[in-house]
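Right, I'll just put the structure down here and ask away after.
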Amino acid sequence: MSAPGTLPFCLRLLRRQLVLAFRRPIEIGNPLLFFAMVVALFPLGLGPAPEQLSGFAPGILWIIALLSNLLTSDAVFRSDFEDGSLEQLLLSPQPLFLSVLAYIAAHWLVTGVLLALVSPVFALMLNLPVQAVGVLVASLLLGSAVLSLVGCIGAALTVGLKRGGMLISLLILPFYMPVLIFGSAAVQGAVTGVPAGPYLAILGAMLCLAIALAPLAIAAGLRISVDA
Amino acid sequence: MWTFFHKLGSPPWLYSISGTILRWLLPITLVALAAGIVWGLLFTAPDFRQGNSYRIIYIHVPAAVVALAGYYVMAIAGAISLIWKMKMADVAMKACAPIGAALTFIALVTGSIWGKPTWGTWWVWDARITSMLILLFLYLGVVALYEAYDNKEAAGKACAVLSLVGMVNIPIIYKSVDWWYSLHQPASIKFTGESSIDPSMLYPLLLMISAFYALFTCCLLMNMRAELLEREARTNWVQRLAKQEGRS
Amino acid sequence: MYFDSLGAILHMDGHGSYVWSAYLITLIVLAMLLLVPRRRQRRILQQLDGELRRRQGTPMALDEES
Amino acid sequence: MPDTPTAHRPLLSASGLSLERGGRELFSALSFEVLPGHLLQIEGANGAGKTSLIRILAGLSRYGFTGSVTRHAPLLYLGHQAGVKALLTPRENLAWHVGGEGDYDDERIRDALARVGLYGYENVPSHALSAGQHRRVNLARLYLSESPLWLLDEPFTAIDRSGVLDLENLLVEHVERGGAVVMTSHQALQVTYEVRFLSLLEGLRL
């Protein structure tokens, strides 16, 4: 018997993270609930006029998706850090780059993908024109993967800190901005009839870059956090 | 090359050489700064469209340029500290963040003050100002992360990682903000293009940019010296120094 | 010199308050940037010197105490 | 795989390790080698730096010390925390362990859990187990592991008397097979095997 291959190991990690998430369903529900509640805040703050809301809808939906992603990314490594599993992960003979990707994939599946899938409901509540809903879902799917990758950098750097919650937002929000710009522009474009392909392509390019580089930073961050 | 690195890694050597550099550089910087300010404020003709308010350019642009360059200095120092585990690079990186944040702050405040007579409003979400604001956030993130760690060595490493991530992201952020602004461009607001700037305005600007670079270097060295003393407080050379200079 | 009088310098055709306030703020921030590390350096050295003297217990320190 | 251990090739060598914390020197110029068959106990009072040393040896601490550590063999490190997820069952905890050491089938896991006295607990959610049982789940990794080098930080904490005996036997078995153990503990090992002691201040002694 020898160490498992890298791919089986990563799939096993992914499965472990997903099982952990689904055994505590409330943790999965929280970001969705957050999404719904903040959506309800905007008509209260901006007024219920449908035209106005539909004008702001792409930006609003993207900002809320971004915030709910941000709020959950803090927890990605925290429980593993607290119970010592993270030390074991660092000592494992498997490449940390790929095991970290498994963690991120799990996070993306239970927040980003889920948010993207329920977003049409909220889009309709905010009077987003129907022709833009498809682009909204696609841009959220792509964009939230980038958000998860970048958010985990912040999570890795702050996981060892007792009061990391607020700090992670300060570190990570600037890096979210390009994603927000192109994500909401894609939806905005779809509303006005501009083809969304180029925007989605740029989001895809960001995703490729993030997949290539973010795990390096996350691995370094985890080593530092465990060391401190 | 390697011996130079080794020397750089030696705190007493760095302390004394930076002292020598500062003795020359600081006066030169202050004179250049004063000369540039007087030149820009009093001896140049006003811009034909913006009038005298454009004189703010002599501090706004240098501060912005050096603030951005400072982030790269910080990130490179961070990379050196991560790769070669050089403690002095750690010290330099840590010293960069507050200086860069202060310069970014200057660029933002002067830009905002400049905006009032030019655009009639204190704040415009123009591409350059927005980018500067994000740069300020990036700097403050590094400072906040450093302060959050109790273990200062780990803090240095974490900030190095963060500043490297920032270095990769800054071009992306700048390009996206540029693009975003061109998408939403309000028509009437535009800078007088800096490419067509008159030489009589350009020379004092170049002088000020150089002076700001020198000033950044001076502040960096001074911060590093203070940081060095604090980190090396238990060593002989610092204690000797304290006996000589501490009793004033 | 572009301006004729001190008044013109201060007024700058109505933009004086903006220009001067911008320069003033800049100078204050720059001065702080230069003074803070200097003061910090001096404080560290003084503290360390005090610590060393305390440890050696020189009579000078006793005199000051009484 | 410790099948044909070459007794003179070290599994781990440390040279010139020095560590300073808060202006206090915890240890300095510590050099030693861990050979197959060594059972090494790190000695020192609370706060003497035992945990710091074992984390340096494991490679978890990478900054703040001088000297170098070379690891020549796969290692298994058990730290203070059990690393057991309350939401997973003991079987899942071991089968999906993030350490990624090996693929263990259910039978091996059942055996290992039986050895640490958790027979029949394979599929109970871990939050129903006590802290001591969490530690036992973690110790079950020792029965599964094939790493020749074990670094154990206070393995006896929260383990009852019979558990301690089992563990001591396991350690001896492991070193007799050609493995090596480096451990910290406050209590003396009750074993017939030769135990080496590493004092943080004086270095290696028998």
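Chains here go by letter, A, B, C and D, matching the order in which they are written, and residues are numbered from 1 within each.
In this text, a residue touches a chain if its C-beta (ideal position, glycine included) is under 8 Å from a C-beta of that chain, and two chains touch if they have at least 3 such contacts.
Small disclaimer: the values here were computed from a predicted structure and weren't measured.
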Query = Which chains share more C-beta contacts than any other pair?
reply = B-C
Ask   = Computing the C-alpha centre of each chain, which chain sits at the greatest distance from chain B?
value = D
Note = So, in whole Å, the Cα centroid of chain A is separated from that of chain C by 46
Key: Separation of mean Cα positions, chain B and chain A [Å, integer]   = 32
Task = Could you grab the centroid distance between chain A and chain D? Build each centroid from C-alpha atoms only and quote it in angstrom.
result = 37
Ask   = Where the CA atoms of chain B average out and where those of chain C average out, how many Å apart are those spots?
value = 19
Ask   = Using the touch rule from the top of the page, what residues of chain B touch 2 or more other chains?
value = 151, 154, 157
Message = Going by the contact rule already set, what residues in chain A reach two or more other chains?
response = 227
Full enumeration of touching chain pairs = A-B, A-D, B-C, B-D
Message = Applying the document's contact rule, which stretches of chain D touch chain B when the two form their complex?
response = 23, 63-64
Ask   = Hey, which residues of chain A end up touching chain B in the complex?
value = 153, 157-158, 160-161, 163-164, 167, 170-171, 173-175, 177-178, 181-182, 185, 206, 209, 213, 217, 220-221, 224-225, 227-228
Footprint of chain A on chain D - complex, ascending = 58-64, 74-75, 77, 79-85, 87-88, 92, 95-104, 146
Note = The answer for chain A against chain D in the complex is residues 1-4, 8-9, 12-13, 15-16, 19-20, 23-24, 79-80, 82-94, 99, 223, 226-227
Key: Touching residues (chain side chain B, partner chain D) in the complex   = 85, 151, 153-154, 157, 234
